[in-house]
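Going by the order they are written in, the chains are A, B and C; count residues from 1 in each one.
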């Protein structure tokens, strides 16, 4: 879906992006992770031509990026930024309706879409439709931002630290909900962040950048558990494994052996199961339809660790 | 960088050059009464005009072909052209002999246009030039000094504006003095009234509307109307012995002074209020917590912190008042406005200019120095 | 909300009063005579309506031209291609501010002669300053993140201006127009001194002959006009900004 080959972006002598190559498949959520100033935001902005590359090739949907008219390219890509940038003089409805209006959709189609999207991001349409941005909390505003980006049903979503400005409690909620949304919609998403847990939670693959270069691109498991790079190691500092557990649902790994006690749901994560084990001192926890044991968790992680990188 | 065409400079220099060739540079009269003949630059300057043409050509060239130290070259070229224009004006060199034994030269549209565009060019590119600030200031001061001495030596004798000046010298300085007194006096009086009012509006929120709204209303009243309206009440006041003694009457300095003072109240008052409001409330809270009295808080904390903004208001009031004081000339209050309105009545552009040019000059100087002082104050307060 | 309604109400009342004064100018004059003794009993020969018409016409024409040119130039100076013109434009416009209004009016006389046309040009030039400055500043003040989001959505520059930049700058722009209009009404009063007619003629003549009635006949309508414009535009500002 998105392909970057040997792309460089220089500002004078400084290379913000240095001979970078990556690709994003259809329906994949690629997280670009790295410390401040590593060039991840610039990389993102190269994809919708908000920044112009100095050299290299970029292809969107198999077409050269230069062959698009800029504005048309961007109307087909959803763009969410950290400070959201909701239009302060328009209410929620009008904000979300912006791109559909630019595309010339008719009123009723737009209205239906706005309803649909507000529900998708977990906001009551009747309550929020006519609110102004100044009346929204940080979390609500960010949801509207996501809804706005999805309005024209683009195939690609570019997100630059979208949940960064939200308080930690809401941030976790938003991340989980976004994960659900992505499961449903299967958009192609490029997600920039410097938050490790967020990256591991959301990404199908993680691309780690430093000094404008790609250090490593792979699945979270491989990157966290099998990295061959000191930088990556120091980045995760051995803690990523817990977050990797939070990517895995009990439904996928549970055992059939019955067990007594209060049950966890199937869509709870291995991390929650492990936490419960630590809390109760038991090494087997009941799950609806079965159970999960500590050994089983070790097996799953072990399999991950022992998998060839 | 070398190949970029400078569209701004192209436009400005093209227009300036057009002004040189197409518009009359001066109007030459044999004496004060007879209407003069408008002469194009080339007619009037003759061969000497080549200097000016060279200047404009340099500017046009610099606009089409950039070089590394472009801003410096442009500034130099503009200065040369301007100096050339000013210096050559009284000399002529072309047909000046035919006009008469004692020709009077006054500026015409071509001169104004060229000066205008040279001003725009200089004010845009000189700040960008790499010379030290002190050097630029020195340059400016030197230019002024040179101009002043030339005027004093009678170099510009032929210019009709100088002739007017020559005839009315005492009046000129008298008017200048009155204008200055009016300006500074009004701003001072306005400050004495408006700053306390602004402070009052700050500490007593409910009075804010009642203080600020009348001031805004005053500001809306057209200036001439206010001058006129004050006529009768002040003349009435002037009947009383005390006021008559100090010269209060319907005409003269009184209506001008009162009106100008009233107009300064809004900028100063509003800025005082804003200035006090801009102080971080926590600072005041901390001071209260330390046990400072109201007066101490005002003196040590609030006034110093609010002062930069208040000073901006005073600066605005100054600039506003220098201009407004011109109207005093209409009500017999003296000042440079007398020349302006006299010139209008007598259809003498030179007299009008005699009033206007000093005002513009002082406005620019005052604005510049007050802004510099403001920067200094801000640095002292906040660092 | 209450204060806004107050603005409209006050403006309407004033418009009514102004209309009455202009239409029944004879009665207005007699009213003034009764309260202010005068030296001359001639009053004004030309009906107030004529002066009023001249005045309003000058203000409207010069304002429309100034708004048209000013907004256009101001917007241009904020675009990518106009960026380099911004500094010179602001310098020119600032220069106009250094000239007090009577001076500017007086200066066009030697160039364009006495009368209506010259005054009009001076009025336009003088009104340009607050308009251009406010347009540029207002558009600059639109938050960058909002502009970034809008461009990221695929708005063309034209759409960006129409939907985002101008609506968000509207408050400041209207403030500039308001200032310009009020200045214009005041300056048009002075236009009388260069032979352009208008209510200023009454004031100037009144000052010359020390006739309070004449002065008030000119000063009162002008002041009311200025206050009306100020109130109406304040209202417009409140309604049109977000």
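Operating definition for what follows: a residue touches a chain if its C-beta (ideal position, glycine included) is under 8 Å from a C-beta of that chain, and two chains touch if they have at least 3 such contacts.
What you are looking at is a predicted structure, and each value in this text was computed from that prediction instead of being measured.
Asker: Identify the chain pair with more contacting C-beta pairs: A-C or B-C.
Answerer: The greater number of contacts lies at B-C.
Asker: Closest chain to the protein's overall Cα mean, using per-chain Cα means, please.
Answerer: Chain nearest the overall C-alpha centroid, as shown: C.
Asker: If you average the Cα atoms per chain, which one ends up farthest from chain C?
Answerer: In terms of C-alpha centroids, the chain at the greatest distance from chain C is A.
Asker: From the C-alpha centre of chain A to that of chain B, how far is it in Å?
Answerer: 60
Asker: Using CA atom averages as chain centres, what separation in Å is found between chain A and chain C?
Answerer: The answer is 54 Å.
Asker: Between chain B and chain C, what is the gap in Å from one C-alpha centre to the other?
Answerer: Taking the average C-alpha coordinate of chain B and of chain C, the gap between them is 22 Å.
Asker: Could you list, by residue number, the parts of chain C that touch chain A in their complex?
Answerer: Listed in rising order, the residues are 143, 145-156, 159, 163-164, 167-168, 241-242.
Asker: Going by the contact rule set out above, which residues of chain A touch chain C in the complex?
Answerer: 48, 50, 70-77, 79, 81, 83-89, 98-99, 102, 132, 148, 158
Asker: Can you tell me which positions in chain C touch chain B when the two form their complex?
Answerer: 36, 84-85, 87-88, 91-92, 95, 97-103, 106-107, 109-111, 114, 182, 185-186, 189-190, 193-194, 200, 203-204, 206-207, 210, 212, 215-216, 218-220, 222-223, 226-227, 230
Asker: Given the complex with chain C, which residues does chain B contribute to the contact?
Answerer: Those residues of chain B that touch chain C are 6-8, 12, 106, 109, 112, 116, 119-121, 123-124, 217, 220-229, 231-232, 235, 250-251, 319, 322-324, 326-327, 330-331, 337, 340-341, 343-344, 347, 349, 352-353, 355-356, 359-360, 363-364, 367.
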